[in-house]
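Quick notes on the structure that follows.
Chain nomenclature is as follows: A, B, C, D and E, assigned in order of appearance, with residue numbering initiated at 1 for each chain independently.
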Amino acid sequence: MFADIFINPWVDMVEAPDFLMQVLWEGLVSGILYALIALGFVLIFRSSRIFNFAQGIMVVFAALTLVGLFAMGIPAWISVGLTLVVMFVLAVTIERVVLRPLVGQPDIILFMATIGITLFLIGFGETIFGGENKVMITEELGIPTGDTVLEPFGGLLILQHLDITVVVVATLLVLALLAFLNYTQMGRAIRALGDDHQAALSVGISLQTIWVLVWFIAGIIALVTGIAWGARAGVSFALEVIAYKALPVLMLGGLESITGAIVGGLMIGILEKLFEIYWGQPLLGGNTETWFAFVLALIVLLFRPQGLFGERIIERV
Amino acid sequence: MKDTEGYVTADGRQIGGTLMEMKNITLRFGGVVAIQDISFDIREGEVRAIIGPNGAGKSSMLNVISGFYTPSEGEVWYKGQKRPPMKPFEVARQGVARTFQNIALFEGMTVLDNVMTGRLTHMTAGVASQALWWGKARNEEMENREKVERVIDFLEIQNIRKTPVGRLPYGLKKRVELARALAAEPSLLLLDEPMAGMNVEEKEDMSRFVLDVNDEFGTTICLIEHDMGVVMDLSDRVVVMDYGKKIGDGTPEEVRNNQDVIDAYLGVPH
Amino acid sequence: MLYRTAGQFKTSYVADQALFPVRQDAFLLGILLVFGWVIFPLTASEFTFQTLLIPILIYALAAMGLNILTGFAGQLSLGTGAFMGVGAYACYKMVTIFPELNPIVAILLSGFFSAGIGVVFGIPSLRIKGFYLAIATLAAQFFLVWLFEKWAWLYNYNASGAIQVPNLEMFGIFVSGPQAASVTEYYIVLFVVTLLTILCINLTRGNLGRTWKATRDMDIAAELIGINLMKSKLTAFAISSYIVGVAGALYVFMWKGAAEPNVFDIPLSFQVLFIAIIGGLGSIMGNYLGAILIVGLPVVLNVIAGTQVFQMSALSAFILIALVAAIGFLSWVARSGWAIGAVIGFAVLTLIYGYAQTQGFRIDSALIEHINVMIIGGLIIFFLIIEPHGLNQLWRLIREKLIIWPFPH
Amino acid sequence: AESLYTPNLAYRTGPFAATGIPLMNGQADYMTLLNERDGGIGGVAIDFEECETGYSTEKGVECYEKTKGKAIVTQPWSTGITLQVLPKTNVDEIPILAPGYGFSPMADGKVFQWAFNVPSGYWDAADMIVQYLEQDGSLDGKKIAFLHLDHPYGKEPLPLLEKLAAEKGFELLPIPVGLKEMQNQSAQWLQIRRERPDNVVMWGWGAMNAGAITEAVKTKYPMENFIGVWWAGHDADLKLVGEEGAGYKSISWSFPNPEAPVMQEIKEMVFDAGLSQSNEEEMQGVFYGRGIVMSMILAEAIRGAQENFGTAEIDATQLRWGLENLNITEERLEELGMAGMVPPFSTSCANHTGHSGGWMLEWDGSKFVKVSDLLTPNVDGYSDLIASAAADYATANAPWAMNEECSATN
Amino acid sequence: MLDAARTDETLLEVNNIEVIYNHVILVLKGVSLTVKKGGITALLGGNGAGKTTTLKAISNLLHSERGEVTKGSILYQGERVQDLDPAALVKRGVIQVMEGRHCFAHLTVEENLLTGAYTRKDGKAAIEQDLEMVYSYFPRLKERRKSQAGYTSGGEQQMTAIGRALMSRPETVLLDEPSMGLAPQLVEQIFEIVKSVNENEGVSFLLAEQNTNVALRYAHQGYILESGRVVMDGPAAELRENPDVKEFYLGMSDDGRKSFRDVRSYRRRKRWLA
C-alpha cells in the first residue's frame, strides 16, 4: 500500500519518460482549455463582481452559432464575423435586460441571475440549433489539424497541431488582456468598477458601456474556447458541463486575476492528469478528475484564502 | 510606576486603579508602522480619549485593545493580568465592547435584534432548548429582552425598535451601535469616533449618553474623537498620537497647552 | 384596511415575541395548515401527489436547510445535492442493515450523518469566504457523488449501482417503496416537514439565529462583539446539513423510490439554491413559495401546453383573470413598466398559442421543453428584478402596502 | 377510446439529445406511417405522444406519473428511468417496453412480469462482443479495456464481463468516464495507451461516444480493435472523424436498410407529407432505422394482443400478453417490408428479451456496414446469473408480485 | 462673507422633488432648491433629514439603492437631467463625492485619483498636472500614493475621494459630508480648499454638512432640511444669525457656547413642522 502510494508512481514516471511527457502535454492542453473558460469569468468578475455562471453556455452558444451560420452556406470567416456580431448583441441584451435592473444587488443575486441566463440560453439555443452534435468547422477556418510525432527517449509523443494552435492563441489572448487591463484607462475603470459600483458611477464611469464591453470580450473568449473545444469533441450542449471545470481554476488562481486563471488552469490541468494516471486509476478506481481539481483548490485556499493571485481580502474595521 | 490609588478628577469624581495597560505597543503592516512603541493606561471609571491627526494610528490602537490586531511587539495588561494572545471574541467576553469608525451594524437585522446580539455573551441556552423554544432559552430570551429594552429606552430609540437598520440614517445607526455595545454591560467601552457626522444638537445628546453611561454604570470609556470641544469637555485624560507615536498624554488642560500637540494636531491653541 | 394592525397592542415581551404578532397572519397560517393537512390529501390525485405536493414539500425542506446556511449564516453552499445524497444513502444503509427500524426514525436519524459530513466540509469556512467558500462545498459535491459511485458498499453492491427503496411498513401500512400509497407518503413528508419547520422557526428567531445573522451581515464585527465565529459557522453547517440530509432521505424514500448517484449531482444543488433564492434568503416561509414556483411551474406549464386552451373556456377565462390580476398587482407593488410588459407579453403569447392549438397546431414535446427551460430561466431573472430579496420579501411588501392601504404611503 | 395511448418518454433535449433525436424520430415516424397508411392498428389510431425527459430521471418519473392513467405501455428510454419506474409498473400493472436497454435481468419474465427488453439485452451484447473477439483466436491472456459511462447504464454489463473474463482467461480493465468528463477523455485514453489493451469495448452514450472516438483517433489507437455497444454506433459520432474512424465496430441488433419497402413508404407518406421531424441524412443512419424497429415491435405486440383478445381497444394487461407472445419471423419481417433490419426473435412468458442476437457493424469511413453473420448470444452461459440477479431484486423489493404461472426456463 | 463670488445665474434647480425608497418609504416630501453659478450652497439638517438623498437624486445615483424620484424636476443649466445616466452627468461637469468615503479599495491612491479623470479627453499632460495639483492640496496623499486605498486611514480615504472628484475638472461638485471624521485642522483645510477651488476655478459647490458651524462660514447660501422638507433657506450670513439656527445647529445659546459636560438636560429638538 505504502509503495503503491509513495514509490511506484514515481518509478512508473521514470521508467516511461515519453509517456510522462505525453501526460504532461495533455495536462497542459486541458489546462489551457480550462483557463480559456476561466478567463471569461475573470474579466466579468473583475468588472462587476458578477460570478458569471453563463460563461460555459456562452461557449456552446458561440460555437453553435458559428457552425450554424456556416451550415447556412456562409463562408467560414464571414461566419466568424457574424458570430461576433451575435455575441455583441447578446452582451447588449444581457446588460440591458438583466444587469441594469440589478445594479447594486448582492453578489449572490447576480450569480443567480447568470444561472437564469444560462437556462434561458440553453432553451433558446436548443430551440434554434437543435440538440444534435455538430462538427466544428476546423479545416474551413484554416486551423491546422494532423499531428507531429516525436520520439523522445525512443518512445512516442504525439502532439496535435490543433492543440499547439490552442496553446499559442491562448497565450496571445492572455497577453492582450493583461495589457488591456493594466495599461489602459478603460482597464483601470474596469478594475474600479469591481470595487465599488456606486463610486464608479459617481466619477462618471458608465456601467452600461463597460459591461457591454466586458461581456462582449467574454463573448469573444467564449468563441475562441468554443472553437478549441468543439474541434476536439464536437459541438453540442453537453459542452456546457465543462464550465464546472473552470470553477476550481478560478478559485485556485484568484477570482480577479488573469494570470491566476492561466496559472490555475495549467496547475489543475497538469496535476489532475498526473494524479489520475499515476494514483487515481491504479488506486481509486479512476475518474478522480471529477473532484481532484476542487480538492486541490480547496487545499490551496486554506493557505491563501484569496487564491494564488487574487486580490487580498481587505479586512478592516 | 503603578499607583493603584487612582485620582480625583476636576469635577470631583473618584477614578480607580488601572483597568488596562498598554506596554510598548508596536504594530506593523508590512512596511507601514501604524503604532510605534506606545504605552499608556486606562483607569477604572475614567473617560480616556485618544486623539491625533488622520492616519495617526488611533483606530489601530483600538483594534489592538479589542484584539482585532495582534501587536507586533508589546504587551496588553487587563485587570492586572497580562493578556495572552486571544481571539477578538474572547476579548469581548472579558467585558470589552466597542463601536466602529465605519458603522458595523448587522444591516439585515432589526434594531432590536442588533441590540440583542450585544447580549449574546450573556446567553447560554443550548441548541435543543432553543429549537423547542422552551425552558432555558425562552426564559433567557425574556430576561435579556428586558435588559435590552432598558438600553433602548435609555438611548431613546424605542420607536425604531423593529426597523431594519439598513434603512436608518447615519446618526441613528451610531446610536444603535452604542446601544449594542452597552447591552453587553462591558467594563470597558471603546468608542471610535462616536460623534462623527452629527450636528451640534446630536453631539450634545450623544455626549449626554456617554457621560450617563460612565456615571450610572461606572463603565470605563475609551474614545476617539476629532471634535475638540467634545474631547476636551468629556474626557478625564487624553492620549495624543501622531504618525504612530505618542506625542502627549495628560489632562485636557495639559494636552491643550502641549506645544507638540499644537503643532501636530490642533493648529492653534483651542 | 384589510390588514389592520391598529388596535393590536402588545403588553408584554412574551406577546411581542409571539410568532404571529398580527392576527391576520395567524389566520392565514391556519388556513394553510387546513389545506395542507386536510383538504389536499382528501382531494389530490395520484399525479398531484407525485408531481406537486410531495416534491414541493421536500424541496421546500431542502431549501430551508440551505437557507439556514446561506440565507441566515451567509455561507454560500453549492453542495446541497451531495448532502441530500448523504442523507439518502445513510437512510438506505440503515433500513437495510436494521430492517426493523421505524422508517420515520430512520429518516430523522439519517440527517445526523449529513450533519457530520457537513461540519467536516464546513471547517474551511473559517478561513475561506464568499465565492471562494463555494469551492469547499463544490469539492464536497463532486467528491461525494464520486464516492456514491465508487463505494459499492453504500448501494449494497447492486449491479446497477443505484439504491432501490424497499417496501417498508409501519403499523401494518406500507410507508415507502412501490407498495406505499401516495397519501401515506404525503402525510409522512408533511409531518417531518412541519416538525422541522417549527424547529427552524424557533432557532432562527432566537439566539442562534441572531448569531448566524450577525455572522452573515458582518463577520468581523460579529467576532468583535463576542461571537465565536467557528461555533456560529459550524452550527450552521451542522443544522443546515441535518435538514438537508433529512430532505434527501425523504426525497428518495418518500418520493423517487430509487436513485442513482448522479441524481445528487450539481443540478440538484442548483435547483435547491434557486428555490432558496427565489423564495428569499433569510426567510422560512420563502422556501415554500420558492418551491411552489420552481417545482410547480414546469408541471403546470407542461399541463397547459398539453391542453387545448381554447376548448377549455374555464382555463382561458382563468388566464385572462390571472393576467389582469398580475398587471394590477405589479403596477401596484412594483411600479415597474418593464415587469408589466413582460407579463403582458407572456400572456399574449399564451393566448396566441392557445388559439393556434384550436387551429390544429401542435408543437412537439421537445420544443415545449425548450420553451419551458427558457421560461424558467426568464422567470428567475424576472423575479430577481422585481424583488431581489425573493418572494417572501414581495409578500412582506404586499403586507406593508395592505397595512397602509388605501393610502399610498 | 378512439386511440391507443402509447406514450414515449423521449429526450430531444439535454446532453444526450444528439443520440436521442434520431431514435425518437424513427419511432414516431413508423407510428405515423401506420396511422396514415392503415388508420392505426386494427382500426384504432395510435397516440404516440412524447413526454420530454431530457434524460433526467426526475422528469422521467414525472412523465410516467402523468401518462400512466391512460397509457397501455411505458417506454422510459433510459436505464435510470427504467430502474426507477420498474417497481412502480409492477404495482400499477403497466408494461415497460425498453428495447435494447434497461436492466438485463428483466429477461426473467417470471420475476419481471411487466418489463420487456426486447430483442436483446446488454448482457447479450457483451456476450456477442466477446464471441466476436474470440473468432480471432482464444482470449486467454489478452487484455480487454471496458470503457464505460460511470452511470448505471455503463455498469450494466460488468457482472457478465467479469464472469466471462474468469471463464475465458482474459483480463478485464474497467475504465469509467464521468458524466462531466465525457468530452474530455484524455486521461482515459492515456490509460489505454499505457495499458495497451488488445481491445477496447465501449459502453458509451451521448457525448461520450464522440469524445471517445475522436480521442482514439488522436492517440492512434487501432480502430479495428475498438468495439462499441449498439448505442455507441451512431453515424453522426463517426462522421466527426470520417475516414480516420474506419475500422471502428459496433454490435447491433438492427441494421438500416434504406432500400426496404417500409423506408420507401415512410419517405412518401410521412416524410414527404411533412409529418416527420427527421431529415434525409439522418434517415439513412443506424439509429433512425433502429427507432423504426422499436415501434414495429410495439405495433406487432398490439396487433397480436388485438387478435388474441378479439378487441381493437386493448388495455395494458392485454398488451402484456402481446409482448409476451411476440413472434417476429423472417416471413413476418418480409411482410412488414423490413427484411434484414432486425434478426427474427420471439418472446414468451418466461423470456422477456427474446435474445435476438445481432450483427457486428463496422464504420467504413462513411457509413456502417455488416462485417459478421448473425451472432447469437450464448444465453445458457448466463441464465443462472439472470435468475439470481432477478431473485435478488425480488427479495430486496419484497413484497414483489411475480408471475408464478411461468415455468422458469428461458 | 464671500458674497462677491456670487452670481445670480442659476446653475442647478431642484423643483419640488419627492423620493421614495423601496416603493414604500417616502423620504423627500417636496424639496426645492437652487444652486447659483459660482457659489457655495450648503445643505444642512440633522441625521436622516434627507441631505444625502437629495444629492443622490441630483446625481442620479438613487437607482441602485432602489430609490426613485417620483415627482418634481431637476434642471441643470435649464435642462432636465433626471433621465440621464450618472456618467452623462459627470460629462456635463456635475460630480458627487459620496458620503462615507467610497474609494476603490484595491486600487492604489494614485489610481483612484486617475479614475476621476475617466471622462476627460484633454490628454495625459493635463491630467498629470491636475494630479500634482491634488497632491499639493493633500500632501498626505502623495506620501501614500502607492498604497491600496483600502488600507489607508479614514481621513486619507476622504481626501482621496475629494481629490478624485477634483480630477474630473468639474463645474459643480456635490459634496456629501466632507468634514466627517476629519481632524479639525483638516476640516478647515478642506473647506479652505473648497473655497480656493471655488474662487480660483469658479467651481460651484453644493455641500451637505452636519458641521453647520464651518459650513455656514464658508457657504454663500444655505438650506435647512428637516424630515424631507426644506424648512428654512437664505444667505448663509442671515442663517448664522437666526436664533433657531444658533440654538439647534450651532450649539450656542444667548450666553455663548456651553460645555458638553454641562448640558445636563437633553435638548428637545424644536420642530418647525409638527
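We adopt the following convention: a contact is a pair of C-beta atoms (placed from the backbone, for glycine too) under 8 Å apart; a residue touches a chain by one contact, two chains touch by 3 or more.
Quick caveat: nothing in here was measured; it's all calculated off a predicted structure.
Among the remaining chains, those touching subunit A and also subunit D are C. In terms of C-beta pairs in contact, A-C outnumbers the other of A-C and B-C. Chain centre most remote from that of subunit C: E (centre = mean of CA atoms).
Of all the chains, the one whose CA centre sits at the greatest distance from that of subunit B is D.
Here the spacing of subunit B and subunit D, counted between their Cα centres, is 75 Å.
Separation between the centroids of subunit C and subunit E, computed from CA atoms only, is 47 Å.
Subunit D has its Cα centroid 37 Å from the Cα centroid of subunit C. With each centre defined as the average position of its C-alpha atoms, the distance from subunit B to subunit E rounds to 29 Å. In subunit B, the residues that reach two or more other chains under the touch definition are 59, 68, 100-102, 104. Annotation for subunit A: residues 126, 131, 244, 285, 287, 290, 317 touch two or more other chains.
Shared interface positions of subunit E, defined as residues touching 2 or more other chains, are 151. Listing the residues of subunit E that touch subunit C in their complex gives 20, 22-24, 26.
Subunit C meets subunit B in the complex at residues 13-14, 17, 199, 202-203, 206-208, 210-211, 213-214, 216-218, 220-229, 235, 239, 282. Taken in their complex, subunit C has these residues touching subunit D: 46-47, 50-51, 146, 149, 156, 158-162, 164, 166-167, 177-179, 256-260, 262-263, 265, 267, 299, 302, 364-366, 368-370, 373. Here subunit C touches subunit E in the complex through residues 333-335, 397, 400-401, 404, 409, going by the rule given at the top. Across the complex, subunit A meets subunit C through its residues 51, 97-98, 101-102, 105-109, 111-113, 115-124, 126-127, 131, 244, 247-248, 251, 255, 284-285, 287-288, 290-291, 294-295, 297-298, 301-302, 305-307, 310, 313, 315, 317.
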